[in-house]
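Chain naming follows the written order as A, B and C, and within any one chain the residues start at number 1.
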Amino acid sequence: MKKLNGVIDSQQFDQETLNSVFRISADMEKMQSHDLLKGKIMASLFYEPSTRTRLSFEAAMCRLGGQVISTENAQQFSSKAKGESLEDSIRVISGYCDTIVLRYHKEGGAARAQQFSKVPVINAGDGKGQHPTQALLDLYTIKKSFGKLSGLTVAMVGDLSNGRTVRSLSYMLGKHYSDNKIIFVSPKQTRMGEDVKQYLTSHKINWEETDNLKAAAPQADVIYQTRVQRERFQDGDSAVYEQVIKESERFNVNGELLALMKKDSIVMHPLPRVTEISYSVDQDPRARYFEQAENGLFVRMALLKMILSGY
Amino acid sequence: MKKLNGVIDSQQFDQETLNSVFRISADMEKMQSHDLLKGKIMASLFYEPSTRTRLSFEAAMCRLGGQVISTENAQQFSSKAKGESLEDSIRVISGYCDTIVLRYHKEGGAARAQQFSKVPVINAGDGKGQHPTQALLDLYTIKKSFGKLSGLTVAMVGDLSNGRTVRSLSYMLGKHYSDNKIIFVSPKQTRMGEDVKQYLTSHKINWEETDNLKAAAPQADVIYQTRVQRERFQDGDSAVYEQVIKESERFNVNGELLALMKKDSIVMHPLPRVTEISYSVDQDPRARYFEQAENGLFVRMALLKMILSGY
Amino acid sequence: MKKLNGVIDSQQFDQETLNSVFRISADMEKMQSHDLLKGKIMASLFYEPSTRTRLSFEAAMCRLGGQVISTENAQQFSSKAKGESLEDSIRVISGYCDTIVLRYHKEGGAARAQQFSKVPVINAGDGKGQHPTQALLDLYTIKKSFGKLSGLTVAMVGDLSNGRTVRSLSYMLGKHYSDNKIIFVSPKQTRMGEDVKQYLTSHKINWEETDNLKAAAPQADVIYQTRVQRERFQDGDSAVYEQVIKESERFNVNGELLALMKKDSIVMHPLPRVTEISYSVDQDPRARYFEQAENGLFVRMALLKMILSGY
């Protein structure tokens, strides 16, 4: 029986562990026992609010019979003390629980926390850094839809420069699975970063870059749409933001675009969406973003089991 | 075995269902089992804080052995996304839980939510709209006190124009029960709305309107006192508000008024109160507002049972 | 089988009850059962945020199998109603739970609450008043370290005028245990209050006052370091605060000071710390502040057991 020692970044998952995550997630979809994690406590320690992610983790813990202590107010620790370190807070809180789900506003928070925690840390997003459980649920959703994670063409659309999710997904698809093609579709202001593109090139992953969604749509098995994240633009960048929003209209998924897509393709989105996917798309069987969100519950149940009970 | 499909408005309750609610609420007062809803999850999704209502629902769920995921910060869903729809949020959250308790800042929120939710929705107040579980606990309190909901004279006092609770209670007393008389007692600025008065008239319910509480008190079986809700006045209306507060002093329940009331009458209030009931009244056996609040626990336990386990 | 009727202040604990608290806390460190408080509900009612204290209490309740309803937003009760009394809020909330953990922003809150509550109240800090569970966990930590609470020299360092914890600890060490010596080490602006010093003198407890930490360090069995609490200074006192901070540097615990301390002495701190203990001290076996925080969990478990299940 192995145990997972926390979830810090996407890079920690080798293919065998990924297979375990997906297998156990599938088990969780039909889970009946509610006592598996009885007596275990998960602490939600959120330095910035992310209600959706927090509730998803907390529901996962409850479904397994565990208990939750929770704060979206963790900045209080440091504001009151005018600068208590994350490390001190983690040392204290890790004495109260069996695992910590950490949302931190700065890159590297989860890795720092893990060094000082007595219990496994799960990264629920650290600023511009990683959000590995999102990457896992994205992969799980693709695998459920196609029965495989290879031989697929994935179009990533929208704000690719600021999006943690598309960065992680690119990396995971490139590293562990063969024969995939990635098409980056975005306005020129929000193109995918050079680091990811160089990684893909050096690992001989097929990728393209375009600003023409209509041309990309007929090839794609997956359209992974993203929202322009205003909060990731610096204060001075509101002119850039407005320009990006205006240009983004060409990148919306709507009925017209659906007509160009393959019958068995799927549309994903990490949510929340604003206007980048029309409401009319929701009725189409290819729309998978709400199922994708629900898959987050099963993947997080699986990770909690793997961490707290073993696999 | 029936199941209640959510609680959206007062109108949905026919007399048979009301009787079930009251019977099961009485059972809940002596409830010993703590496992009835084991494995079930209730999500508290509050778009504006209402700590009292939220804690009452959450305690009800805990008393029945269920688990709770909770936020008073639900506006975060939409603020972050600059306008994510209630519908999208509900679709996601309803994938994490077995029922949603929704507090929404705009009328009609619960009905919109129910359309898109995979699980039953319970309306915990939607702006100027409804607050049906409050109406049910009010009726339950009257029924416990008098053993009946007919043949009673109910004086509703204070801010009748903005009060959801008095509107719902008027409606319920008029629709389902016979031979009641309602006396609306208020300053002229906060009179009961014409719609409710017309409803009562067209259903041949006996009602009066007065600004003389002392004259109404000796007739009343129930004095239902309410607070002037500053937050329901528009920004420009502060002059009106000040005027109302000043006039309201004549409508306070105090020792002098108690002396005019019947021996077996009762004083109710949805709480919180400020000055509209004197503290000295608390010691009088006719004061029922704290018991009324506690009845909310039993009624909400009953509703959760009816929704999640059946009846 | 006795039951504790709440925890309001340090003075309520006689020596026999203290012994029970320490004995049961030790049991809690190896507690295996998770069902002791099954079916019981604890309400966390916090009028100001104190995430660390709240999570510690909530973890304690969860470890014993109980359930928690919680708010850090309790000022909402009163702000909405423009002045609902603590007493009314307590009467309502005490109808929903089996014990209330109250954090209040004004001295005397817990005692007022206990008068109106139907269930035992636990004081989790009331402004400049008391924080008795902190005092108990401090004593428990000293007892665990030395096997006794007598015959010890305790140096209390830093902001002694504003610190609830050092006041309570002085009082408890003086009242119940013999042959201790207390050294108050602070800048002149933040000296220990005359009331405590007079209490010690009149009870023939040996105490000294100094501003020379280096001279005090070699004598001390315990150095109890504290943080200058900016939030306890009045708005106009920022000049005083800056002066205190500047002077406080002489009162920091660091490697140099450790070298002067006894081999078997200990360093305590109620946390959060800022700069008053150097990070390098953390590695020293004499550093006990993180263990001290964890002891808070066991002491709070013990108190919850003593209140809700008996002893």
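By our rule, a residue touches a chain if its C-beta (ideal position, glycine included) is under 8 Å from a C-beta of that chain, and two chains touch if they have at least 3 such contacts.
This is a predicted model, so every value here is computed, not measured.
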Practice task
Go ahead and align chain A to its copy chain B using Cα positions, then give the rotation in degrees, nearest 5.
Solution key: 120
Problem - Fraction-based call for chain C against chain B, same above half, different below - result: different
Completion exercise
Per the C-alpha means, the centres of chain B and chain C lie apart by a whole-Å value of 40
Fill in the blank from the handout: Touching two or more other chains in chain C are residues 68, 70
Completion exercise
chain C residues touching chain B in their complex are 38-39, 41, 43, 67-71, 73-74, 76-78, 80-84, 88-89, 91-93, 95-97
Completion exercise
chain A residues touching chain B in their complex are 34, 49-52, 54-56, 58-59, 62-63, 65, 68, 70, 72, 227, 230-231, 271-274, 290, 293-294, 297
